[in-house]
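Each of the next two complexes has chain A plus one other chain: chain B in the first, chain C in the second.
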Partner chain A sequence: MPVVEAVNLAIARGSTLALVGESGCGKSLIASSIMQLLPPFGRVNRGVISLDGQNLASLDERSLQKIRGNRIAMIFQEPMSALNPVFTVGAQIAESLLLHMELDNKAARQRSIELLESVGIPDPQVRAGNYPHELSGGMRQRVLIAMALACEPDLIIADEPTTALDVTIQAQILDLLHDLQERHGAAILFISHDFGVVSQMADDIAVMYAGRIIEQGSAAEILESPTHPYTRALLATTPRLDHKADRLPAIVGRVPSPFERDAGCHFRKRCDHAVAQCAASYPELIARVGSHPCACHVVNANV
Partner chain B sequence: MKHYSPTQLALKRLRSHKLAMISIGILVSLAILVISADLFTALLGIDPNAVNLMNRTAPPSAEHWLGTDVLGRDVLARLLYGGRVSLFVGLTAALAAASIGTFIGLCAGYFGGRLDALLMRTTDSVLALPALPVLIVLAALDLKKIGLPDEIAYSENVSFFRIVFIVALLGWTTVARLVRGATLTIKERDFVFAAEGSGGSHFGIMFRHILPNLVSSIIVAVTLSTGSVILLESTLSFLGLGIQPPMASWGAMLTNAQETIWEAPMLAVYPGLLILITVISFNFLGDGLQDALDPRATS
Partner chain C sequence: MIGYLVIRLSQSLLVLMIMSFVIYSLIGLMPGDPIDLMISSDPYMTSEDAAHLRSLYGLDLPIYERYWNWLMSALGGDFGYSRLYNQPVAQVLVPALMNSVQLLVVALVLSISVAVPAGVLAAYRQRSVFDYSVNLFAFAGISIPQFWLGLMLIMLFAVLLGWLPAGGIAPEGAPLGEQLRYLLLPAITLTMTSIGSHARYIRSAMLEVLRQDYIRTARAKGAGASRVIWRHALRNALIPFVTVLALDFGFLFSGALIVETIFAWPGMGKLIFDAIMGNDYNLALLSLMLATALVLTGNLLADLAYAWLDPRIKLGSRG
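Moving on, here comes the complex of A and B:
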């Protein structure tokens, strides 16, 4: 049973693509597919995952281990559980250096201290010898970013990297990611459900719903002129400083699980604009003249 | 800023556990006494295996501090050498069993699927074996007949290694189940996924990332099982199937003492008391370690 289908994404070096959607839309599954670390029973049936022309979906485990952490790195949502509690953070950063770079222990330790410094951790010498439980949430997230940067990857997948942090730290982490991207020129796949965060990071945005991309375009296009009813509804639920609202609107219902999907548009039961055609066939992701791609019968019929 | 590693934190907690600290004191002094058995006998000029039929079941004297046994051998010296065997059998067998169990549990928990099913059904089968009859059969096997060379099959220490082997062969199941369960939990934690994501190999992740998180529960299991292995060794030796004479062990000394239980009851009391104290100490230490190493677990 397909869980995620018809996804077509491209990220250029030095740019950031944000993948937005509710929980259960398949955002994280896309990340796992790129890493080729799908849960048991999951696999990529069709299509290509290409990194500089190399199809990751066709590589064997050993070649993948050389790419993971080295050319593609991941930043996780929960900085506490993504760090191994029994090792010092310095040792954990050194780990992937030792795996992928030809460094001895001492050089790897030195390099991990430099990395901690580059992500803005004060006293990196001392901090490298700390255990995860001795650091604050923001520091741990910085450590995770340092780990991801260790081998200067070409692609960084950031899976909700700021969700577990409070707002002030969020802003710092986003700034840091921005800075590092400018310095290293890595591409970032930024996964989030928060348009507020996405608007600060993304060059391009792809909105996902129930395993499919429903709208795709540049950040300005999506944020300023969203066309798909789901994107519009999602944007309306984002709290804004320049709009006063008593109560934030909510999208009624929930994302249908892969078992509940049918041939029609997956969003139609929660959509205010649904018409008869929506139950008949799934809308294609097509762009009207002068606009960006959107998968909606209603939008695309109103040309 | 003063900072503590998880190990230091655990030691701090252990230090506040009175019973465990007393147990450590007892076990360490026993270990020192037992290790220095050679020194002690050399100093007093006693041979623990020297038979003197003219001086049987003698009361304590300047020469024999705790008297002599049915064959006129020095009881104190035999207690020390017997303790050496009992403690060493307990520790090595518990460690060997734990190593087997850890490896099997890690593989089952980490790889899952068919391997898990196979390994766990094997564990269930081993658990379902009635322990004592199997132990007795294995202990009674003639090693020569299963193809071991004479010098091993008839060597003095063979009964010792045989016991370690048997206990390890049957005793790994508890640790295997424990480790498998813990591996299943830890495998789901993000840092394992992160380790996979940074290009770690399966065995690297199993032993570098998951195993260190299990060490505390394994240590507790080893400590607790050392006590029961010492008891098991005593049982086997008491039945005459464990440590073979002239080598002493506490269990073997109990066997010898039963013939003269009315004339010289102390011969049974000394080794019995030592077994009791040692096993209790190991159990208290295990409890203390459990509290110290895993503050969240309550049992």
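Moving on, here comes the complex of A and C:
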């Protein structure tokens, strides 16, 4: 059964693509697919995952191991549980270096201290010898970022890297990611459900709903002139400083599971603008003249 | 750390003290006493002689007074004579204890070295043929009674095939190979039960750990399957396993009592059995206390290993 379908994403070196959608829409599965770390019984059926022209979906496990952590690195959303409790954070960062670079233990240790310093951890020498439980959530998230940066990857997949953190730390982490991207020129796939965070990070935005991309464009296009009813509704649920409202609007209903999807538009049951055609066929992701791609019968008919 | 050890050791001593009274009372409750055995072996002994002997040995005193007398001399380092062996109790016990510990250690090492790899691979290849075989073997191991397994092994390897001795221990100073020949059957009998439960425990602990987020992190770093399993996962799965090992230590010891009796292994098991059947109070008391001490030591070692394996645990911080 397809869970994620017809996804077509491209990220240029040095730029950030944000993948936005509510829980369960398949954002994280896309990340796992790129890493080729899908859960058991999950696999990529069709299509290619191309890194500089190399198709990751056709590589064997050994070649993938050389790419994971080295050319593609991932920052996870759970800083509390994504670090191994029985190893020091220094050792966990050094592991990436030892796996992919020709470094001896001492050099790897030294480099991991430098990495901790580069993500803004005070006393990196001391912190490298700490275990994860001795660090705060924000510190651990920085450690995860340092770990991802260890081998200067070409692509960083950040899966909701700030969701578990409070707002002050969140802003610091976002700034940090920005700085590091400018320094290393890495491409970032930024996965989030939070338009507030996305607006600070993204060059381009792809909005997902129920396993498909429903709208795609530059950050300015999506944020300032969203066309898909779902994107518009989602943006309306984001608190804004310039619009005072007593109560934020909510999108009624929930995302249909892969079992409940039919041939029609997956969003139509929650959509205020749905017409008969929405139940008949799934709308294609096409761009009208002068606009960005959007998958909606209503939008695309109103030329 | 030192403070923690001092506290734990004094707690253990207190437990031993209480246990000595409990065991002393239980032995005192047993029907008959050494004098009864003397009477039955000497037809010329009169009841006056018996009463005289009882007061001579202090057996006519109430139990708490007898315990007090024993405790005082025990604290002075005198644990009394063994009635059966006509030797100081300590002299009888030490070689038996060594033999038992030898059997226990071999069985424990054997069990861990088979159970850990089997459990880990069963978890890694969950629902594979290997996994099902490990489960089947584990349940068989847990279910087969030791006395039956021991007898079957003797039948097969000692009687039918004649490869290994049916029981006893190698004479002193025998070469290592010869000693191992005697050790093999009792050790296997003793291990079989614990291999099963240990393999199943490691398997479920590994399944739990392999679901954790940090395993995904390790794979995303580019670590290969074997590195993820043996380094990242096993270190975490061993933490709960150590507790089970400590609890099992007492279980293994009581199993050793049966196995030693079947294989005529001159260890603590056989000694305790003989001492109780022969109304050898001093010997029975001290060997049961040694068994208690062994279990307490196992628990202490487990706690130390626990802190060593898991950096989140700091010994002594709770005082």
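Rule of thumb we're sticking to: the second predicted complex is superposed on the first by the 303 of 303 C-alpha atoms of A that agree within 3 Å, B and C clash if a C-alpha of one lies under 4 Å from a C-alpha of the other, contacts with A are read in each partner's own complex, and residues count from 1 in each chain.
As a convention for this text, contacts are C-beta pairs under 8 Å (C-beta built on N, C-alpha and C of every residue); 3 or more make two chains touch, one makes a residue touch a chain.
If you're wondering where the values come from, they're calculated on a predicted model, not measured in any experiment.
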item	value
Fit or clash - chain C, chain B, common chain A	clash
Touched partner set for A:Glu152, first chain B, second chain C, both or neither	neither
Partner chain in contact with A:Val86 - chain B first, chain C second, else both or neither	both
Touching partner for A:Tyr131 - first (chain B), second (chain C), both, neither	both
Partner chain(s) touched by A:Glu117 [first = chain B, second = chain C, both, neither]	neither
Partner chain in contact with A:His100 - chain B first, chain C second, else both or neither	both
Overlapping contact positions on chain A, where the chain C interface meets the chain B interface	35, 37, 65-70, 73-74, 76, 78, 81-88, 95-96, 99-100, 131, 144, 147
Complex contact set, residues of chain A against chain C	35, 37, 61-62, 65-70, 73-74, 76, 78, 81-88, 95-96, 99-100, 131, 133, 144, 147
Complex contacts: residues of chain C adjacent to chain A	212-214, 216-225, 232, 235-236, 239, 309-312
Residues of chain B touching chain A in the complex	1, 3, 5-6, 112-113, 189-191, 193-201, 204, 208-209, 212-213, 215
Residues of chain A that touch chain B when the two form their complex	35, 37, 40, 64-70, 73-74, 76-78, 81-88, 95-96, 99-100, 126, 129-131, 134, 144, 147, 150
